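The following pair of complexes shares a single chain, subunit A, combined with subunit B in the former and subunit C in the latter.
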Partner chain A sequence: MAGRLSGGGGAAVYTMAAATLVFVAAPLAVVVALSFSEGALATFPPVGFTTAWYEAVIANEEFQNAFMVSVLLALAATATSFALGVPAAYALDRWPVPGARMIEAALLSPFILPILITGLALLQFLAAMKMRDAAVNLFIGHVLVTLPYLVRTVTASLKQVDRSLEEAATTLGAAPWQVFWRVTVPQIVPGIAAGCLFAFMVSFDDFPISFWLGDAETMPLPIFLHSSMSKVFDPSITAMSSLMILTGILAVIGLEKLVGLRRAMSV
Partner chain B sequence: MTTSALETTGIASRRPMLPRSLVGLLLLGPALAFLMTFLVLPSLILLGYSVLTQSQAGDISLPLTFGSYERLVTSAAYRRVAMTTLRVAFFTSVVALLLAYPLAMVIAYGRPLASRITMMLVVAPLVVSVIVRTYGWQLVLGNNNTGVLNWLLSALGAGPASVRLLYTEWAIVIASVHVFLPLMVLPLAASLARINSSLNEAARMLGAPAWRAFLRITLPLSIPGLIAGLTIVFSLTAASYVTPQMVGGNRGLMLGVLLEQQINTSFDWPMAAALAAVLVAIALIANVGVGWLAERHFRGR
Partner chain C sequence: MAKGGTATDLALSGLTKVFGTATVVDRVTLRIAAGEMVALLGPSGCGKTTTLRMIAGLVEPTKGEVLIGGYRITRVPSHRRNIGMLFQNYALFPHMSVAANVAFGLQMRGMAKALIQPKVASALALVQLGDYAERLPSALSGGQQQRVALARAIVIEPSLLLLDEPLGALDRNLRESMQVEIRQIQQRLGITAVMVTHDQEEALTMADRVVIMRDGRLEQVGTPAEIYSRPTSRFVASFIGASNFLRGSVAGRNGDQLQVQLASGGQVLVPSADGGRSEILISVRPEAVGLRRIGETPSASESGTPATVQQIVYRGQTTHVHMRLDDGEPFVAFLPNRQGEQAKTFSAGEKVWASWSSQSNWPVADS
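After this line comes the complex of A and B, so read on.
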């Protein structure tokens, strides 16, 4: 494979890719650079070097609250999507379910439907049901957006399972549950873990669902950040943003270590 | 799928307690029930709202009316917003495609280290909130000299505040390309990686120059990934809210922002529901319609 990008054409491809990666990294790098600025405003160029904004942000109670809301919400949504999505993906792969293709498309449909509208539909529905607890409403909405990630990664992992190993175990006298736990599960665990990690990040970063369903008391981090941006103009915004960038980088490293990014993204 | 020995002789014959398809449905049940209750039903109700009438007091009820849709089509202001939306979505998907192709090629065919680094840099923004990324573009595109781009240009001697991009349609296109680029690169790279490398080698051995082998073999065979990327980027851009709201300003009003205004400023639910129906229709046409056409086309050949 290594030889397929060679010669002048290959160099051109590498150059264009490198230029695009600068475009990809630039806005994030600017945010991080300004988070260490001693200036009173988050404006370019940064002045001096200080970690004071980080100290201020970490000590900020509203930030702590929003962070806890986001982490708990993401954990709860991921765990629930796991509980709903793993059996569903397993059934789609292993059982002769009537209309399996339709059902799979339905389970993955939150991918293609605009999330802004999914959130609005849910807001209107939960209001009509007289459900006023923002924490519960956010939880339902976040399960909705994380579920398809679990379904997709588990389905992809199951397709890669070596069926001959399962057959060998069965032939050697293993009971079906033993085959499942000792042969199938170990093969799909990394894929499922990657799916969970990705689902966690999708929930942690979500704006459109939380925008409709959150309230002043239960405000996830992206909503808190968005509302701070129109009120606060000092570099503490860039410090909060940098912490979110750091979380994202850690997640990508996690995915790379778990299964390799290309497999995690089915590339 | 191959029918394995496990399926024919295993579980079913040993434990004939439940019909196999029933077990499957039981495993699917909770996920499907959740989806029906919290996605399908609410979406249908919202669609229903778009053809109902809202009273002065805010109650939504009969009579049925297509008034909201009619206003969408006939009002010049709404039409302008719709055109802005389609234009931004179009340019975003085209620019994203042009930028994504070299990245996808490096991921699929590059040296292992280059491929890994590219993959990480492409995926990392995907797990950084769109709020943070769009905020980064606010800082880069700032219209006065504290914007990074203007600062850079003036340092290069272009004079102070020489570009005014923030709060224009182009700012939305630039930021949206950044937000959705990974969703273009990933299907494209997957598509490129699946192409049998011996096809290219054969073409090269038979004397085709690299650019011709690319145009005649790699490019046509990557079309499925290309279409997948284009449709997803187009439909997500068309329905986006955060990016146009943060960098678009008044001149870059898009349908998603208009929808939010209907709810939070005008309290006009039927109109918001009609806008939602239009955005869902765009998403379904782009994803399902184009996918179906493409599949038919390729099967025909």
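After this line comes the complex of A and C, so read on.
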């Protein structure tokens, strides 16, 4: 599959990949390095080595609370996006739904609209609806921004499904629902998995929606991080950040174990 | 696997499919006897696949009926039609083992596991893949994959076997052996079968009857020999094998034969039931044609016309001599190389007398 690139094009691709690594991975490495610093401020270079910041962070109830809020919110948003996105993508791709293009565009619109504005609009809308429960509001807001990822990846993998497999199953006596479960789903599992990973990370990482819809009790991790940072910039911030990075890495490893990342990303 | 004894006949009645404004299949009416294998043959886009898919229930006919064993199944959904189908790309389920692929149709019929297992084993044995049961399809060659697909299609004891260019993706040698294998299994099990192909040799080799389609309509239906030796139209004659066409005008009648004056010179006798025509188009197969030097006297039972040799192509079994007639039309002879390179005795630019048995003259419609 992965052919070796040669010539000028190859050099450009390698340069770009290297630059991406440097600009994405190096700052993250700095953050992780600082989280083990014995210094009182999160300034580079780190001094000494300690895990005290992690111990403090993990013992911090506010952090625990924010971490739980974020994990539960991300899981709920991902599960809901899965439950809504897979059937929606299937119907849009396979059934003669009137206005399918419009519906698809609407479902994908959070990709295009500025999320910060979407969040503000949602806040005003929910306030007008007299919905005061921050947990519910956050859930709605997060589903709004995670659903497009499932719709997008599942639609893309449905387009790649070999239709003759479904037809073969049909002629062999499989009813439409049997065709879907026995033949279609196994082929789109990688796309579903990739969509779920994106959805989870987008929600876990989300700032602009949570910024508007969270409150003091229901405060997702990125908001908590931000507000802690404006109080004091000690290495505990970088320890929290490192724990977020770790969560992301664990999600990717989980996906790799489940379906194989290469397959999942080839949507 | 025992012969099911459930062979059923198939009938298509006025089958029509319109996509948008294009009539892709146009009033196709055809009866296929139980146990018969029919090949739909025709140029690309003539509606073969669409016809087959209407039989399978994968495409809904605009008009017309499909009858299996006398029952109208036009409105029966595809998964209740009991049909085995082979696709050009094999369409094996990539996430299931060979055995699971073959078992699929039986599972869909709610058959008990204990009954499925031996049926799968004997179907795989029939296609000589008994040892491959646990492999994934991706670990098989193209020919093996299509044999798995065949096992998967016949294990359900289908009323009908449909094949859409099943061997199109295989190389020539493998294709020929698979043609024989599929044909043998189809005959042994006595399954009624419809095959789509645009490979005329495949159609002639495998089918009891060949259906020539053109622009969505049936052009001619007959046994391979009928289609080959008695094509009704110029289209069929040139689509099946190669053919020379000679224009002529009817000069008189001689019993049940017409005396025809060729535009290229020479008079020939042509079998014909209808003598009303004055202009006629005659098909002559290139392998029926022999060449003489001008001056050698032709025998009385022969037809012939003068021609000029243009090009000589050595093809192994035969040598193709391309000529031009005096009226400017092309003419070709396939000379057998039984005693070495016979055609070498002729050379480009040479004037020759092309001759053939009068029985090789066959009138065709000029369309």
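Here is the rule we use: the second predicted complex is superposed on the first by the 233 of 267 C-alpha atoms of A that agree within 3 Å, B and C clash if a C-alpha of one lies under 4 Å from a C-alpha of the other, contacts with A are read in each partner's own complex, and residues count from 1 in each chain.
Keep in mind that, in the parts below, a contact is a pair of C-beta atoms (placed from the backbone, for glycine too) under 8 Å apart; a residue touches a chain by one contact, two chains touch by 3 or more.
Values in this document were obtained by computation on a predicted structure and should not be read as measured data.
J.: Pick one for A:248: touches subunit B only (first), subunit C only (second), both, or neither.
T.: First partner only, subunit B.
J.: Figure out whether A:233 sits in contact with subunit B (first) or subunit C (second), or with both, or with neither.
T.: In the superposition, A:233 contacts neither subunit B nor subunit C.
J.: Considering only the touch criterion stated at the top, classify A:144 as touching first (subunit B), second (subunit C), both, or neither.
T.: A:144 contacts subunit B only, not subunit C.
J.: Is A:178 touching the first partner subunit B, the second partner subunit C, both, or neither of them?
T.: A:178 sits against subunit C, while subunit B stays out of touch.
J.: Applying the document's definition of touch, where does A:42 land relative to subunit B and subunit C: first, second, both, or neither?
T.: Once the two structures are laid over each other on A, A:42 reaches subunit B alone.
J.: Looking only at contacts as defined up top, I'd like to know whether subunit B or subunit C touches more of subunit A.
T.: B
J.: In the overlaid three-chain picture, which partner chain does A:14 touch, first (subunit B) or second (subunit C), both, or neither?
T.: Only subunit B is touched by A:14; subunit C is not.
J.: Under the stated touch criterion, which partner chain does A:167 make contact with: subunit B (first), subunit C (second), both, or neither?
T.: Both subunit B and subunit C are touched by A:167.
J.: Looking at the overlay, what does A:186 touch: subunit B (first), subunit C (second), both, or neither?
T.: After superposition on chain A, A:186 lies in contact with subunit C alone.
J.: Once the complexes are superposed, what residues of subunit A are shared between the subunit B interface and the subunit C interface?
T.: The overlap between the subunit B and subunit C interfaces on subunit A comprises residues 167, 170-171, 176.
J.: Which residues, counting only subunit A, touch subunit B once they are in their complex?
T.: 1-2, 4-5, 7-10, 13-14, 16-17, 20-21, 23-28, 30-31, 34, 41-45, 83-85, 87-88, 90-92, 94-98, 103, 106-107, 109-110, 112-114, 116-118, 120-122, 124-125, 128, 140-141, 143-144, 147, 151, 163, 166-167, 170-171, 176, 179, 198, 201-202, 204-208, 211, 221-222, 225-226, 229, 237-238, 241, 244-245, 247-249, 251-252, 255-256, 261-262, 265-267
J.: What part of subunit A is in contact with subunit C in the complex they form?
T.: 162, 164-165, 167-176, 178, 182-183, 186-187
J.: Given the complex with subunit A, which residues does subunit B contribute to the contact?
T.: 2, 4-6, 9-11, 14-15, 20-21, 23-28, 30-32, 34-35, 38-43, 45-46, 49, 99-100, 102-103, 105-112, 114-116, 118-125, 127-133, 135-137, 139-140, 142, 146-148, 151, 178, 181, 186, 189-190, 193, 197, 200, 210-211, 214, 232, 235-236, 238-242, 246, 256, 259-260, 263, 269, 272, 276, 279-280, 283-284, 287-288
J.: Subunit A touches which residues of subunit C in the complex?
T.: Result: residues 56-58, 78-85, 87, 89, 91-95, 104-105, 108-109, 149, 152-153, 156, 162 of subunit C touch subunit A.
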